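By written order: A, B, C, D and E. Residues from 1 in each chain.
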Amino acid sequence: MNSKKLIANIFKFSILALVIVFFVWAIKNQYFNYIFSDSSTFLVLLRQHISLVVVSSLLALIIALPAGILITRPRFRKAEWLVSNIANLAQTIPSLAVLALMISVLGIGFKTAVFALFIYSILPIFRNTVAGLDSIDKNLIDAAKGMGMKPHQILFRIELPNSAYSILAGIRTAVVLNIGTAALAYVIGGGGLGVWIFTGIQLFDNGFLISGAIPVTLLAIFADYLLRKLENVIVPKGSRRVAKLE
Amino acid sequence: MEKWLRFLEVNAPRILELTIDHAVLVTLAIIVALLIGVPLGIYLTTNEYLAGSVLQVASITLTIPSIALFGVMIPIFSLINQGIGFLPAFVALVLYSQLPIIRNTYTAIKNVNPEMRDAAIGMGMKTHQRLLRVEIPNALPVIMAGVRTAVVLNIGIGVIAAYIGAGGLGVLITQGISRGDNYLIISGSIAVALLAIIADAILLMIQKRFTTKGLVE
Amino acid sequence: SNFGVAGKEVTVGGKNFTEQYLLSEMTGFLLKEEGFKVNQMNNLGSSVVRSALENGQVDLMWEYTGTALITYMGQEPVTDPDKAYEIVKDIDSKEGIHWMNMSKVNNTYALALRSETSKELGIVSISDLADYINKNPGKLTIASDAEFANRPDGLKGVEKMYGFEMGSSQIKQMDIGLTQRALNNEQVEVSVAFETDATIKNYDLVTLEDDQQFFPPYRAAVAISQEMHEKYPEIEEITAQLSDKLTSDIMRDLNYRVDIKGESVSVVAYEWLVENGLLEEE
Amino acid sequence: MIAFNHVTKSYSEDKIAVKDVNFTVEEGKIVVLLGPSGCGKTTLLRMVNRLESISDGEIIIGNENSMDLDAIELRRKIGYVIQSNGLFPNMTIEENVMLVPDLLGWSKKQKKERFTYLMKLIGLDAADYRKRFPHELSGGQQQRIGVVRALAADPPVMLMDEPFGALDPIIRERIQDEFLQIQREVKKTILFVSHDIDEAIKMADKIVLLRDGEIMQYDTPSEMLAHPKNEFVSQFFGKDRAIKSLSLHTVQNLQEIIGLAPIDETIQDTKTINVNQDLRNTLSMLMNQEADQVVVTNDQGENIGSITIDLVQKYLHFEIKGKLSVSQEG
Amino acid sequence: MIAFNHVTKSYSEDKIAVKDVNFTVEEGKIVVLLGPSGCGKTTLLRMVNRLESISDGEIIIGNENSMDLDAIELRRKIGYVIQSNGLFPNMTIEENVMLVPDLLGWSKKQKKERFTYLMKLIGLDAADYRKRFPHELSGGQQQRIGVVRALAADPPVMLMDEPFGALDPIIRERIQDEFLQIQREVKKTILFVSHDIDEAIKMADKIVLLRDGEIMQYDTPSEMLAHPKNEFVSQFFGKDRAIKSLSLHTVQNLQEIIGLAPIDETIQDTKTINVNQDLRNTLSMLMNQEADQVVVTNDQGENIGSITIDLVQKYLHFEIKGKLSVSQEG
């Protein structure tokens, strides 16, 4: 018992130490300097990055959530297999390729990047929406029907609240993935912090690299954290536990 | 179509070569990830304290954008003069594989019906007998699901490794972008997708082969 | 034969644009012909291949004199190509890197405009551009890759010498292969271009005169690690076949075949080597 | 009132779950659907609130054909309790219980009052439970909430599908008693599915015994135990059904029909038994010979007679063979 | 033999699950641990094969202190059956059943023979089931496999934790009978957990009734029913315990002790009952007055006497108050 705690603590501290060593090394070598010395560019890139992510994620949500709801309605149930498989296949196409191929359709730049990211984010949201709605105990739907609830009442009062956890997890996956993929937007002229990462890689300039990579990473971790916190607000208290048990 | 045939005629050997490079990189990374992740996942089931922090760290690792992680590998590995190429890419892929493998191993072993575990202990099985005969066989489908996730993930992320000189199918796509050549991009993407689908199918086959019939519901 | 004798192995490094793919590929063909096992490490940023060369991950590469002089060594620009070559060679000999076989390929940077824009705004030289930008700040956007945007011999240096400044949101950074396309698609007004780029002619673009001679000559030459050079002195001769024959026009032509006609790099490289008698057809 | 007229349900050509079923659940009565697994109990129940369609025949609720009513309207007038209680995990206890009233647009005040009333009915503190979530309750408590949720909008009709199936025997019995208590107060018309014989005997005014979708017998529990119509019914209730049926009757019932024996004041070793005790326990006591005489007391504690095995036997005989045979002997 | 000497188990300072328990399970007997949920049955059982540590006191198995044995060795010598049968889904039936022999290094031939023997014991075809997987079996069959798995290495001692708890009542009764049949053949020393009174009465040579970790009474089922030591025991078995106890006895037992009544050949309306029928069903039949006379037949179908309620009552009285009171009356 004590030795287990000890091992756990050793692990925690070594990770912490590693992170600290990294940051000390980076700060000592002034690798974060561009953030401060060229803060106007940094802010432009950061803003671009966030817009890429927010706009594409919102678009994806607007499409994927209703699509997930629709496909789980009895009328369209039969199509679920097909749609899910196509969606899974689409997932194997590398994100970089999706970005690249969009050039032929939309040209170069921010809009193209947004569109590619949007396409790429649809899948996790769609898949988790479907999984969430599917995993609801059929007895609950039965009970709701038996109480004389109309289909839309069942959807909004029973199905969505109880699959909120899963749907949010999908959104979280999509956003985190999106933040990473948006770093590739540089390649097609979409802007974002990827510009500095690529500058760093191509010029072998650790300053650019770390001034780009670390903020992107922190952005992803922060978004993940924020969306987890959002769970506590959006997912009803009663179904949170049930969802986590799964 | 004709253009495609001509393209493939010229480029097929190169595509194949890059596909093999890609597969080798991912396979080696997964093997090492398995050697680390599975024992660790199993060990974590016996140490709740550690499980919490390891899984948290692994899940944060997975949120690190791939280009950022590959990028950061360059200065770090430059310290041992291996800043670009295979090694940094390999290490990054091993890191990315940890979460799915550790988490699935951990939850799979953890979720083995406690009564089954009890029965095994009650019958006088030793810890390793219990692990090998009861817990791992019953956890295998879930562990394999984790491996499959990791493989498909890595095949996709491996594309980005082209930016740090690790070769693989990413070369086709990045050159396709540089040269505005959609044939390269598309053939690269299809090769990546096929690789992922085939790898997944092979792993599924392995999983079925090693999962006794008793677990097929 | 294509099979290397045990131990005779080299790694050829290359940057991330067409000319470099071609140069590495051609070098690779020639070395293979001579019994080397050749590894390629392509698609990298300038400084990355450079540091790989320094630490031995890459054995040789085609480098440009101007790039080395200014970006790696932080020297002042030198207009005479041979002088520049000597300086570079001299400095690098202390770094364990040997320069050899300077070619006539001069792949210097240039700024390009659509010819209609050029006419419309009356911009034909970089000074004109600087004037226009200073009068209309924020109006023009430029497509650049990450390197040009940040190299001392890139945009930063141009701005300094010509006395203008583009805001960070006016600089659209993207893969080097896309800058001319962005220009042609009217998504930007200015773009960075390489002198040997085939796209300039193809897209009806004009390059601005470097009237204050900011850009130094960028002669392509082989940079090889000293160690490798001593171990396999024959490489110098093998690569000399290339450097002797190549010119900017040939390079532009080969780039054209790849970038515009969409031919494969290895086909173009192979055919040129065969046509020029450097390689026997199999 | 719920009347089944020639009701048939086929899921497919060769899967007929319910065959030509006819019976009526009278106002304020509990009818239990009993039978082996797969005999069609659930299907029959779910046809009432149209969760399953009716293949043939009709179901009359009140005095309207169920098919003439709007399904949503119909369901809101029928309380429905399912085995797994079906509480919505995302809603608090109050939201769960007040869902139908809410759908019906009751005012806040009305809902609050009703909630308090209902919680009192099942002996839980309204204020305490209002904001809790289902997972914070024990299985037995959840089951009770499931029952009062069905009662919430005071529907005249209730459908209950093995409502106490998931509970352990001791809690189950307690909830059964509690529910009968509530029913005495609310007097709903109830169709109740069970596969437990003891539960059926205890809860039912009448039992519908089903096999393979067909009614084997429709009768009061005591009738069914005493006069099984066929081999299946008699086997289903088992060899000890006479003893089982004793739990349906009290000493009071016996007293009313054949009277008690006089008390022999000379016997010292006596035990007393309350007039409301059931005859099964009474017989057990008598068999046990815990005393030489068992005296019956009424609720006021007065001795009103004594009871013997003979009397119990006679009473049972009367119940089974009818008054005739008693008067022959008497 | 399993002996509990002052065994105590505390999970934490204020959670004492088992308190100073003393009793002995004799060689070849079944002792049932009975009591309400949470009374410590499972804890007590699991201390025997050291799945739980013993806080105080000792458990003697055979004639060795369980703590002196190697835990793995000990467990291999003790058959263990848990409620949900705990079959390993990844192994075939044969692999499941032969697991302990396998761990003990039996030869292939030995294992095969043993498997065939065990399957015969539970009436399943060895060849047919050998290669099947648990999920291909019904609940009842799985439970049987769970039992023979515990028997596989022929351990002298068996621990069974609500082994039939998950089964429905009808199958459950069948398996109980079957198991008693097997036990008659294998004569294991068995500690058996149940919370079902009827099961305990049926299976037990002796019952340990627990409350809050303490033994309330340790006795044979009939003793416990007849002479509950305290209020808790008497309440636990219920008011109808006399009737419950009847199922422990057969007409044969009655005949042996107080004899049957002669047959009145003049009575036409007779029914017959087998001499092995239990007295509970017999009483039910008698109460029911299905006939004017109930004739007892033996296994050869010969009529050997008749039986009456009076006789049943007398027999019960004898069982409860002992021979003394019978001889007084007799």
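Note that a contact is a pair of C-beta atoms (placed from the backbone, for glycine too) under 8 Å apart; a residue touches a chain by one contact, two chains touch by 3 or more.
Which protein is which chain? UniProt says A, B = ABC transporter permease; D, E = Quaternary amine transport ATP-binding protein.
Please read all numbers here as calculations on a predicted model, not as lab measurements.
The chains that touch chain C as well as chain D are A. Touch-path distance (fewest steps) from chain B (ABC transporter permease) to chain E is 1.
The pair of chains sharing the greatest count of C-beta contacts is A-B.
If you average the CA atoms of chain A (ABC transporter permease) and of chain E, the two centres end up 58 Å from each other.
Rounded to whole angstrom, the centroid-to-centroid distance between chain A (ABC transporter permease) and chain B (ABC transporter permease), based on C-alpha atoms, equals 20 Å. Rounded to whole angstrom, the centroid-to-centroid distance between chain B (ABC transporter permease) and chain C, based on C-alpha atoms, equals 37 Å.
Rounded to whole angstrom units, the spacing between the C-alpha centres of chain A (ABC transporter permease) and chain C is 38. Those residues of chain A (ABC transporter permease) in touch with two or more other chains are numbered 103, 187-188, 198, 201, 204. The residues of chain E never reach two or more other chains; the list is empty. With touch defined as above, residues shared between interfaces to two or more other chains in chain B (ABC transporter permease) number as follows: 74, 83, 163-164, 174, 177, 180.
In summary, the structure contains touching chain pairs A-B, A-C, A-D, B-C, B-E, D-E.
Those residues of chain B (ABC transporter permease) that touch chain C in the complex are listed here as 7, 10-11, 14, 74, 78, 81-85, 162-165, 167, 171, 174-175, 177-181, 183. Residues of chain A (ABC transporter permease) touching chain D in their complex: 137, 139-140, 142-150, 153, 157-158, 161-162, 164, 236-239, 241-242.
Listing the residues of chain D that touch chain A (ABC transporter permease) in their complex gives 49, 51, 71-78, 80, 82-84, 86-92, 99-100, 103, 133-135, 149, 159. Within the complex, the chain B (ABC transporter permease) residues that touch chain A (ABC transporter permease) are 46-50, 52-54, 57, 60, 63-72, 74-75, 83, 152, 155-156, 159-160, 163-164, 170, 173-174, 176-177, 180, 182, 185-186, 188-189, 192-193, 196-197. Of all residues in chain A (ABC transporter permease), those touching chain C in their complex are 38, 40-41, 44-45, 103, 107-109, 186-191, 195, 198-199, 201-205, 208.
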